[in-house]
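Below, chain A partners chain B and then partners chain C, in two separate complexes.
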Partner chain A sequence: MNLAVAFDWSFLTENGDELLAGLRRTLEVSAIAIAGAFFIGLVLGAARAHRVPVVSQVAAVYVEIIRNTPILVQIFFLFFGLPQIGIVLEPFTVAWVAVTIWGGAFNTENFRAGFEAVPHRFREAGFALGFGRLTTFLNVTLPIGGRIALPSSINTYISVVKNTSLMYVISYPELTTTALNINALTLQTVETFTTLAVTYLIIVWTMSASIRVVERRLALPEDAR
Partner chain B sequence: MSFLPDWAEPVLRYMLEVGLKGTLQIAAISLVGSTLIGITLGTLLTIKFLPTRALIRFYIEVWRGLPILVTLFLVFFLLPVLSPRFEFDALISASIALTLWGSAQVAEATRGAVGSIPKEQHEAASALGFGWLGRHAFVILPQALRRLLPPLVSLLVNIIQNSTIAQVIGAPELLESAERQVERLAAPTPIGIGEIKAFPIYATVMVIFFLISFPLTRLAAYLEKRLT
Partner chain C sequence: MRYATFMAIPFRSTTEPPEGTGHAPERQPLDLREAVSFDPTCEVSVATTPVEAGTMVRLEGVRKSFGDNLVLDGVDLSVDPGEVLVIIGPSGSGKSTLLRCVNLLEPIQAGRILLEGEEITRKGVNVSAIRQRIGIVFQQFNLFPQLTALDNLTLAARRIRKIPRREAEARAHELLASVGLKEKAHQHPHQLSGGQQQRVAIARALMMEPHVMLFDEVTSALDPELVGEVLVVMRNLARDGMTMLIVTHEMQFAKEVGDRVVFMDGGRIVEEGPPRDVLDNPKEERTQQFLRRTQLSHTLEELTIDEEGGSE
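Moving on to the complex of A and B:
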């Protein structure tokens, strides 16, 4: 078997700038989506855990729709379906909106589970100290439940980063789209896809390593379990 | 289905007969492949032998770490360049990509499930004269399978949803069949109707996926609660 495994290093100097621009857009969209997913997860997760009327039910429907349909179809719907009813969105808008909505749904479940894992007696202790519902949430449920939810929410953020690659279908020039364009021009398939894969692995592995660090640093004191 | 507009019936039929069929084909191949490879690798991972562990760990981390779309491109574009023998059509390429990803998920879950079987079970099986293979095949894995069932149902949901990436390379699955119909309808008559029907068609794709996924996610949650 004759494998063509020679890696032409000049590929990186010639296409480095373009790839970096693509990487920057990937990180940009990811950063917006992670912030958005954090916020959505926090608010809706709290509403779900505390059974806030109406909000809780609406959040449940949102979560089920997003989790039970493929994100690629959601992207198609936003980018190709909505213009038919007069809503035309830029590729960049679809890029961050799609992953934010997706990440928000999964994060709602992460935070709901985290908040529900906080023992009931802790909240009662908060009320006994004269805290209101919101103050109890901010001072008791959030610090404890938020830590419990942290590892699973970082996993969701990792998936958010990976899912930005799907913006290839709407030609938003993030990392994957950029790499495919370069491949079409240079035909340096080995170099292009090796670089693409290694870059994603570096990002994803760094993020998963951070879960372990965060878990250790934010570990709950023994008696708070 | 007379309540549907005229253009809808052939569209729906095509999506179900060509698209859904392709989606289920990809899902079936990937589910079987992921389960077989994943359970094997996950069981081997419990052997305390460093080189195999490092190798399997690397396999798991790579295919879990890469976006599935990138894995698909590696299979579809890179493999044929490495050797013409590795050239597969779109449907098979998608199945291979999903199997690589899925087997990594199953391997990780299997490691946990096999590890959760008490040591006494291994010892009892050894005492009965089972070797490593017999012990795992007849005593440990059947018990571990109970714990594996909920993650395997979740995996099926994820495989079905992720099979849509096959659209990117033009494999005939549900999303691709929908896209073809949107384009056909946009053409003037007699081929199409000269109108864009992207909104109802992609909404229908979402509904079909929801109808498949929702019962399965419920089932996974139910099994999770019952079996653990």
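Moving on to the complex of A and C:
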């Protein structure tokens, strides 16, 4: 059957506003989580790479817990587990906290690997010029290691966006939850899931395309490795 | 290529003292009028480093080991201001480590190192301030790959000394011109040849107005045809009166530019003296052996390989 013929285009006009509201929430949560994951990754990745006492060990435990448990379980824990000990979070809060923590853990590893890949001789050149440890990090390790970490951290950000769809389980009305609700009412399954898939495709495609541009502009020649 | 003078560009007008320095370098501002002399054979104007009484660098009983491996075994050495000291020796003899210890890149286990009379290996010393007085150039150039040649030069000046970008770039342009790379200011390291990168690295070290320069086998990673352009820059620097400690395998350069040659082996100084003595008429058997091997004064036919893999 031809999908284009089967597709009822009035689906979009009738449910457009609602879907856009869902999309807006998806983008909102994603933006917060990407910013948060970037920050967590930067700080904890640096702490791991430079073996900062205590922080490094705590970060290692954090990364292991998050990487080795399903994100669905983490969401359930935040939403259903925490109230048991008196911490009740809004669905919105759970939504951005969950993906931020998840993305931060993966990004910690991305940045750690990037920073560790910076040849020591570049840091030494910084020290020799009179840079302290922090100045060397900011001017040598971060710009070089950050570039090395860029492709893998971008994959993490893309996963963060896609993982926001799991907020369906706590009924946070982001894009997927909204679409499933519409589907339940209209039973227009083809229209619902096609729209949903295409929307995610466009978001992620746009992300990776714009990031490829950034990546090219920041690219280091291979002799920097 | 024309080389302007390296040190004729006073620079510290607004910036004294450097960041966080407990011991601001005691250094007279450069005054060309009193220190200029011209060598008719040289296209470079020559200014001597402001000279203070006493030695520039002094090592006293320096011992350094990596684990069980003793790399420096009680080294005593002193270098006068304006002196060019060339350190030669087989690999593993500790010569690179010696330079790295002087720049505090490696901690030492015993002895002490003095810079301009100040003990720099004592506890609580401001390492960053000390390192700004010591320039080092590495075998692998170690230019920051993400920055242009110009930014490689200005980064430390801007970040540590807080020199305004404009002022820093003006001086960087002059230094790049002085190493013959005026046109390459906006190129990234990977766009430059090894020889050009190494000259940028020298200019970068000079940017911090070091009182002494350390060269750690700076031509060893270069194609043979690019060695000369780096050595010329170093020669000019020596003529300008810079105090230099040079680890090299370029014996001809050592002879022409060095004021004194030190031969090291097994973490000790085996022999030292004027280049002509050490390189042409070495007294020690070990020095003679080393020079025979490096200079191939014998034809290859006469050389054999001993059981340890050394050639004789």
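The rule we apply is simple: the second predicted complex is superposed on the first by the 216 of 225 C-alpha atoms of A that agree within 3 Å, B and C clash if a C-alpha of one lies under 4 Å from a C-alpha of the other, contacts with A are read in each partner's own complex, and residues count from 1 in each chain.
What we mean here is this: a contact is a pair of C-beta atoms (placed from the backbone, for glycine too) under 8 Å apart; a residue touches a chain by one contact, two chains touch by 3 or more.
Worth saying up front: this structure is predicted, and the values here are computed from it rather than measured.
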Chain C versus chain B on the shared chain A, clash or fit after superposition: fit
Chain C, chain A and chain B - angle at the middle CA centre, rounded to the nearest 10 degrees: 110
Chain B versus chain C as contact partner of A:Y168, first or second or both or neither: first
Touched partner set for A:G16, first chain B, second chain C, both or neither: neither
First, second, both or neither for A:L72, with chain B first and chain C second: first
First (chain B), second (chain C), both or neither touched by A:A197: first
Chain A residues touched - chain C or chain B, whichever exceeds: B
Touching partner for A:L82 - first (chain B), second (chain C), both, neither: first
Lowest inter-chain C-alpha distance for chain C and chain B in the superposed arrangement, angstrom: 27
Doubly contacted residues of chain A, that is, touched by chain B and again by chain C: none
Partner chain B, residues of chain A touching it in the complex: 1-5, 64-65, 67-74, 76-77, 80-85, 162-163, 165-166, 168-169, 176, 180, 183, 189-190, 193, 196-197, 200-201, 204-205, 208
Sites on chain A touched by chain C in the complex: 121-122, 124-132, 135, 139-140, 143-144, 147, 218, 220-221, 223-224
Chain A contact footprint on chain C (complex, rising order): 18-20, 103, 105, 128-129, 131-132, 134-136, 138, 140, 142-146, 155-156, 159-160, 188-190, 204-205, 208
Contact set on chain B toward chain A in their complex: 61-62, 65-70, 73-74, 77-78, 81-83, 85, 157, 161-162, 164-165, 167-168, 175, 178-179, 182, 196-199, 201-203, 205-206, 209-210, 213-214, 217
